[in-house]
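Two complexes are shown next, each including chain A; its partner changes from chain B in the first to chain C in the second.
Our next item is the complex of A and B:
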């Protein structure tokens, strides 16, 4: 058990040195263990190394919308060594849609997990075999989990409920 | 009359629609079939999407708990525990020991209830009408206990941040102690009726084989993963609450009647897990410590800025809430990792060149709940 922890610490430090990355020292306190923030272009190379070390399960992909950038967070787990690791990628908000390489060649679980992130947050994953909406209706417009999302007033003839309806009616009778 | 062997059949696109008694909820599977053989099957989901993650961003931390009940509505105690553990880690508090034991007991009782429904409805899908009612007869004991405890039969809102909302009294302890031998006797009946029934075995063995590498690669968790021979259970590998105090085993699939990782293995692992849960409940209820059942917390909860992810072993698999807090009284982002979402994603991979009836067998053995898939 101590051996695996030592070999993982070596691997972790090697990753940090080779790719010049720091632990995420932004405003969030690192209450998650084994977390690194990596640049967007190194994603596939780092994930290859992570998979070769023994992290065989990608259990969760999550996306957060901060005011000036997106953060995509990958949780990896090794069922044989019983260690988990978190990798974060930061995407700046430019004019075009934020995009990232897909991890479907490495892990099949990334197929549906990335579709969900695309559906709700609007991140495009390059190289995904079937990037379509999965939870929302296929013709829905907009990406709901973004902080600047405004619910549309009308969808196929169903209109949004007007909260001021009762008051407007009262004023009309007067 | 001579058979015309030059008959051509086209591939037919059949909709195994959202309204169907065998899909365990609103699940749509689009099936390309050639006669009785399915060439490909694609699940389409999203009919029960209720925007839990967006709603949670506008609620205070203790207002989110009833919404987490409704994710996997058959095991709502386990969902609440997963959420409350996450928030308690952010608040940096330790719940009292009695509350921890009570949480273990209700979580294991709910695991038994959920596996009973899975057992009953799986047999019903395959055409056996009797085991369904037998399973619900036992489940009625558990539901009565929860009704005395929390007031509700299905969606409890019982676990709060800091502990549980009501203590066990002598009546409830007596009911739980009476339930354990009843369930042990009933398990023997289930094995005789269903697990050793030749028709059931022939319909489930060697169907829907998921290899060990596939199971890990598709991020399957829970009995689906253990049915393929992987000995991984979050109660032992990443213990939470007080699972370290109890002595129990992790059953895995070994090809009981067919090959490792087929539908029979997944079904049998669930029944073996009921036995292990009974062991845990027996040990917990006999050693219940005295003390408080909830911590006194301020009305407005403001966790530290930070994030945490505590995965818990739900009956269907791994449920975890990835909570990001920015120091205010509302969460900045909650992401719910649903077990059935990843479990269902393997369906199109294993449904190639099977019979139409085997599709029902495979969907039933994956044991999905659409509330968890769509959230």
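Our next item is the complex of A and C:
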């Protein structure tokens, strides 16, 4: 147990020395785990180092929509050494769609996890072999979990809210 | 009191009575008596086994007592449907225990669970593939009017009657198994008011 902790601390110090890592992230997710915030361009290099250390499972990708930026959060787990780690990436909201490099070359589980993030939040992963919707209907327009999403009232003829509902109810009693 | 080896139900002795009648015919005495005896034996013997019933009532009763549902559990209400199929709230008592996986072999479609926009065209296709005569039961609040997802659920259809015609609505979130059985009784009641022979005659007359 102590061995793994020592080796992890060595690995962590190596990351700190080579890259620009922020350990005081503002997000509320995974407060008990080893959490780091990395710049967007270093993602592939840091993930290679993480995989070489022994984190063999990408458990979860979640995304948060703050008012002026997105935050993508990766949860890694080492099944051999029983340690877990959290890596966060910040994406600014520019005019074009937010995009990020895909982790499918490193982890196979990233295939569906990134599809879910694309489906609900609209973040494009460059290099993903099959980036299309996974939960919603395949021709759905819009990304629902964004803060500025407006629910459409009509989908191929099926209406959601009947605008004449109040009037129809009044006419029933007559 | 029954004696040893005596059966509980005795068959009426038709052969003995007919032999007595034959003898009386030969001898020429008491024929009316023995004829009357044979007739009453015949009537009493068969009265417990013969039922007079209108034909349409018999057809409707047989249809209603053997509805075969299609397994269409979408969400949580499916668990309540499984519970009705299990031993405590047995739905097989009422003849509807044979849940068919194939659409062509079913006649009752129980939609149990939330309907999403992605699933809506598949539901319509399954309904169209059901053979006549078909009945639809909307189980649970989500199928009636969207349920708890009616206002803000961006991918939920507010009620399956926007897509297919429904016979019976069963409210609840989820409805208890007894409520599902009550819905089944309402469908059976609806079937009992039908007139299949009349409709068949009308079809024949229309063609001619």
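The rule is short, and it goes like this: the second predicted complex is superposed on the first by the 156 of 174 C-alpha atoms of A that agree within 3 Å, B and C clash if a C-alpha of one lies under 4 Å from a C-alpha of the other, contacts with A are read in each partner's own complex, and residues count from 1 in each chain.
Criterion: contacts are C-beta pairs under 8 Å (C-beta built on N, C-alpha and C of every residue); 3 or more make two chains touch, one makes a residue touch a chain.
Computed from a predicted structure; not experimentally measured.
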Which of chain B and chain C A:87 touches, first, second, both or neither: neither
Chain A: partner with more touched residues, chain B or chain C: B
Partner chain(s) touched by A:109 [first = chain B, second = chain C, both, neither]: first
Which of chain B and chain C A:50 touches, first, second, both or neither: neither
Which superposed partner A:158 touches (first chain B, second chain C, both, neither): second
Touched partner set for A:58, first chain B, second chain C, both or neither: first
Which superposed partner A:134 touches (first chain B, second chain C, both, neither): first
Contacts of A:36 with chain B and chain C, given as first, second, both or neither: neither
First, second, both or neither for A:144, with chain B first and chain C second: both
Intersection of the chain A residues that touch chain B with those that touch chain C: 136-137, 144
Chain C to chain A touching residues, read off their complex: 116-118, 120, 152, 154-155, 157-158, 162-163
Interfacial residue positions of chain B with respect to chain A in the complex: 45-46, 49, 51, 53-54, 89-90, 214, 216-219, 221, 230, 232, 237-238, 304-309, 311, 318, 320, 322, 324, 332-333, 335, 337, 341-342, 345-346, 349, 374-375
Footprint of chain B on chain A - complex, ascending: 27-32, 56-60, 62, 64-65, 73, 75, 79, 82, 84, 86, 107-109, 111-113, 116, 120, 133-137, 144-145
Contact footprint of chain C on chain A as seen in their complex: 136-138, 140, 144, 149, 151-152, 155-156, 158-161
